[in-house]
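Below you'll find a set of structures to go through.
Below, subunit A partners subunit B and then partners subunit C, in two separate complexes.
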Partner chain A sequence: MESAEQKQQPRYYFIWFLLLVLTMVEVGVAYLSHLPRTLLILVLVGLAIWKATLVAMYYMHLKFERLRVILLATAPIPLAIILVLGVLLEYAQ
Partner chain B sequence: MATLESSAVPLHAHHDDLSFIRKYIFATDHKIIGLQFLFATLIFLLIGGVMALMIRWQLGFPGEAMPGVGVINPKFYNALVTMHGTFMIFFAIMPLLVGTFGNFLIPLKIGAPDMAFPRLNMMSFWLFVVSGIVMTASLFVEGGAAGAGWTVYAPLSAVPQYTGVSLGQQLWIISIVFFGGSSLLGSVNYITTVINMRAPGMTLFRMPLSIWGLFVTAIIALLAVPILAAAIIMLLFDQTIGTTFFLPAGGGQPLLWQHLFWFFGHPEVYILILPAMGIVSDIIANGSRKPVFGYHSMVLAIIAIAFLGWIVWGHHMFQSGMNPLLGTSFMISTMAIAIPSAIKVFNWLGTMWRGNLWFHTPMLWAVGFVSLFTVGGLSGIFMASNSVDVFIHDTYFIVAHIHYVLFGGSLFAIFAALYFWFPKMFGRCMNENWGRIHFALTFTFYNLTFFPMHLLGMGGHMRRIYDPTAYEFLQPLQPMNKFITVSAFLLFMAQIPFVINFFWSLFAGEKAELNRWRDNGLEWTVPSPAPHGNFTVTPTVYRGPYEFSSPEVEEDFLPQDVPPDGGRERAPETVGR
Partner chain C sequence: MKEAIAMPGGVHAEPGMRIYNQKLGMWVFLASEVMFFTGLIGAYIILRFGAGDWALPGIPLEEGGTPLAINLTAFNTFMLICSSVTMVKAFAAIEHGDQRGLRLFLLGTVVLGAAFVGIQIFEYIKLTHEGFLPACSAELAEIVPNCGLFGSTFYVMTGFHGAHVSIGVFCMIWVTVKAFRGAYTKENHGGVEVIGLYWHFVDLVWILLFTIVYLI
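Right, the complex of A and B next:
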């Protein structure tokens, strides 16, 4: 079990580099691109979710955890969805 | 599911060798940390109480010089209102319930030697101290303390020119960031301890309701506090580096602040009441000498309240021009909370019904909690209706409601808990007669202070105004304002018997026996005060915590660790059920 975990050591520096690149892309998209505002927001939110997923998978080690721990860590996501839906509904009148 | 094995390891073998600083200052023992929280928060409670008196003086006698303080100017008044709420919620009630009693009770009541992460626990306390020092320091900086209310609504809080406060507001935010860190560390610790460190036989449904309350509270705090942390860091950026998250001038949304704040803020309300409900359940069962009526429904009600707390935050924002569809959903979900709350109230009454009532001081406070929490809960239903809320939003009706829930509710439960567990904390008992006098005076002046606020609110008295006499329609209410102010000062003085009793009992109180209240909890099986490591031998649990008046035994209580049939039966081997 332990040896299997050791084999799956995440490549921390590579992930860090990927996060850095994604952040640079975010800044670039925000300042340099001329995308329509709605599309720009969608792209930025998509990139943010990508980064959050990378952090959760590798720095929080969820990729190497048991299903039970993964479920525990992701349990608050429905709450985040409720919050976002509530805020969006606010502006949907 | 993990469990502690029975062992005879002397867990406190090396503790006596520790220096004073390691033992009492940078302590890792959960009980000492609980007491550190207790003494620190009592200081903040006093600061918050003095601020309340200053607020009341200004409202009762606007513009007149308060003895020892002088005339309270409008800017200082705003700071007082903000800091009173901040100190009472973040630095008094929450750390008293969660920091003090969470730390002190969880390991003792589940049969564990300490918290799962003692050093993390120490860090949690010292982050709280840093947070408290920063918040207190903000009272003395240039420009004064934060003045945008404890809810720090943007854009009022986001632009220094609006309140005239810059550094004070920034220190408020920094302090709450530290506070959030402290709260998160505590939550992780409590959850891990409850899941992993219960004694053999201590199944989840054998846990006392106080531990259920604290456990579910820790889960709520773990999920809610990061939202506040994220929101206030965004607010700090708006204040300092020119972002405009909440500023319309730059395309930001002031209502986004309200959504984020109350998405944290409403679960926070349950952080402040669920441990109190659990503690009161324990004490009412003890004072009634009966098992808690409907134990399982009590647990499910705690869980239901915790869940519903996440889908009601919009009821704080009914007047924000909210989409009516959304407003109606929030109204229904809020009213639904009355169901589990009522289950709890009726179960407390059912527990007392035909019980062999023993009105010791903690029981008096617990019964006081039930009556006052019920008043606060009922006034909450008024506000939950968005059509009624049009009239009472941001009035003194709300102030009456929050104080019935947080003072009559949470603080009464804290007093109940202090009187109840004082013998186990310090090895001495508090004086019962003075405790009763303290209760009678507090209960009387509490109601004289806060009940008339309902009437003020229905008369249209706004919540955070500096001078009520400036409004013609409020002038007929001014005698009531004066009455409330006098009652508030008497309520403050009613705490003097408690302070004297507390410190006198610390040094000269009657020595506490092992089981002062003839209770069933595991904490009453260890000496008073409990030693480091708590249990010489890990206890085995055979039954639930409320076996009072059991026909199986001659005495009217049956502790959780007493084996049935003289110890012939074995305890369950796992605790994961």
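Right, the complex of A and C next:
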């Protein structure tokens, strides 16, 4: 809560509206079956990561946290990326 | 030896991190949860890409399209996003000492979270009646590529997430009851922040799972 008192009040409803719009765009994009499959997957994953980042930054208040908390929260992300890329590379060959 | 640092939330901070212990504990737990769900996603990638053909959205079911109800789940995703807003508004309310706002927004979060679980159960019942199970019905197995594998991965990933949401709803009910008893104040509301972190994480995971399981 130390951070909560230092931070400005984020625009929670604007973030909610953005998340809603991005979800609608995602569902719309998923039905564009004539798009190249790889492009479709990249766009959908990009939109999902954008949405997840918005939740983490503004609703979990990571944008306003101390650096040490941000480091703690994001510590497993490189490991997660290594795991996912590792298994994906198996099929890229 | 360092002394515990008194925090504005009425709780004591871990000297090294300068955040209170419950919040530190929740962040460490969430870090482990990231790896738990990444493990599931990694297994899904191996099984799906190894399988070859997969049921896709935007294609009729008879031609090998997905048996999942994407529009219904998109609505459910919207519900979970709305519950994140009510949760963060509850936290913002108690930061300003607004007891009425805290109780109202916590109640909203409980209702939206329970509705998410309810819709997921409805979806499961609908899908199982249509023969979409970890072991697919013979009719569905003929038209949905790798139907059994699709079913297994679908139920494992969404099931584990649903269990997390259900646990979150029960914890939220507990926090809401405490809020109605006046347990949280402007100076002491660590419980609201900690359950909020868990709730937003569950929302964040669903955002990723919805894309991976339903849309791709």
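Everything below uses one rule, namely that the second predicted complex is superposed on the first by the 83 of 93 C-alpha atoms of A that agree within 3 Å, B and C clash if a C-alpha of one lies under 4 Å from a C-alpha of the other, contacts with A are read in each partner's own complex, and residues count from 1 in each chain.
The criterion applied here is as follows: contacts are C-beta pairs under 8 Å (C-beta built on N, C-alpha and C of every residue); 3 or more make two chains touch, one makes a residue touch a chain.
Keep in mind it's a predicted model, so treat the numbers as computed, not measured.
After the overlay on subunit A, what do you see for subunit B versus subunit C, clash or fit?
Partners clash after overlay.
Quick one: name whichever of subunit B and subunit C touches more residues of subunit A.
Ranking subunit B and subunit C by residues of subunit A touched puts C first.
Just checking: does A:L83 make contact with subunit B only, subunit C only, both, or neither of them? Give me first, second, both or neither.
Both partners, subunit B and subunit C.
Is A:R68 touching the first partner subunit B, the second partner subunit C, both, or neither of them?
second
By the touch definition at the top of the document, which applies to A:I41: first (subunit B), second (subunit C), both, or neither?
second
If we overlay the two complexes on their shared chain A, which of subunit B and subunit C does A:V55 touch? Say first, second, both or neither.
A:V55: touches subunit C, not subunit B.
Can A:Y12 be said to touch subunit B (first), subunit C (second), both, or neither?
second
Tell me the contact category for A:A30 with respect to subunit B and subunit C: first, second, both or neither.
second
If both complexes are laid over each other on chain A, which piece of subunit B (132-140, 204-212 or 240-248) hits subunit C?
With chain A aligned, subunit B clashes with subunit C through residues 240-248.
Looking at subunit A, which of its residues have contacts with both subunit B and subunit C?
76, 79, 83, 86-87, 90.
Please name which positions on subunit C make contact with subunit A in the complex.
Residues 7-9, 13, 16-20, 24, 27-28, 30-32, 34-35, 38-39, 41-42, 45-46, 49-50, 56-59, 70-71, 74, 77-78, 81-82, 84-85, 87-89, 91-92, 95, 189-190, 193, 196-197, 200-201, 203-204, 207-208, 210-212, 214-216.
Could you please specify the touching residues of subunit A with respect to subunit C in the complex?
1-2, 4-5, 9, 12-13, 15-16, 19-20, 23-24, 26-27, 29-33, 40-41, 44-45, 47-49, 51-52, 55-56, 58-60, 66, 68-69, 72-73, 75-77, 79-80, 83-84, 86-88, 90-91
Can you list the residues on subunit A that touch subunit B in the complex?
Going by the criterion above, the answer is residues 76, 79, 82-83, 86-87, 89-90, 92-93.
Which bits of subunit B are touching subunit A when the two form their complex?
223, 227, 255-256, 259-260, 263, 310-311, 313-314, 322-326
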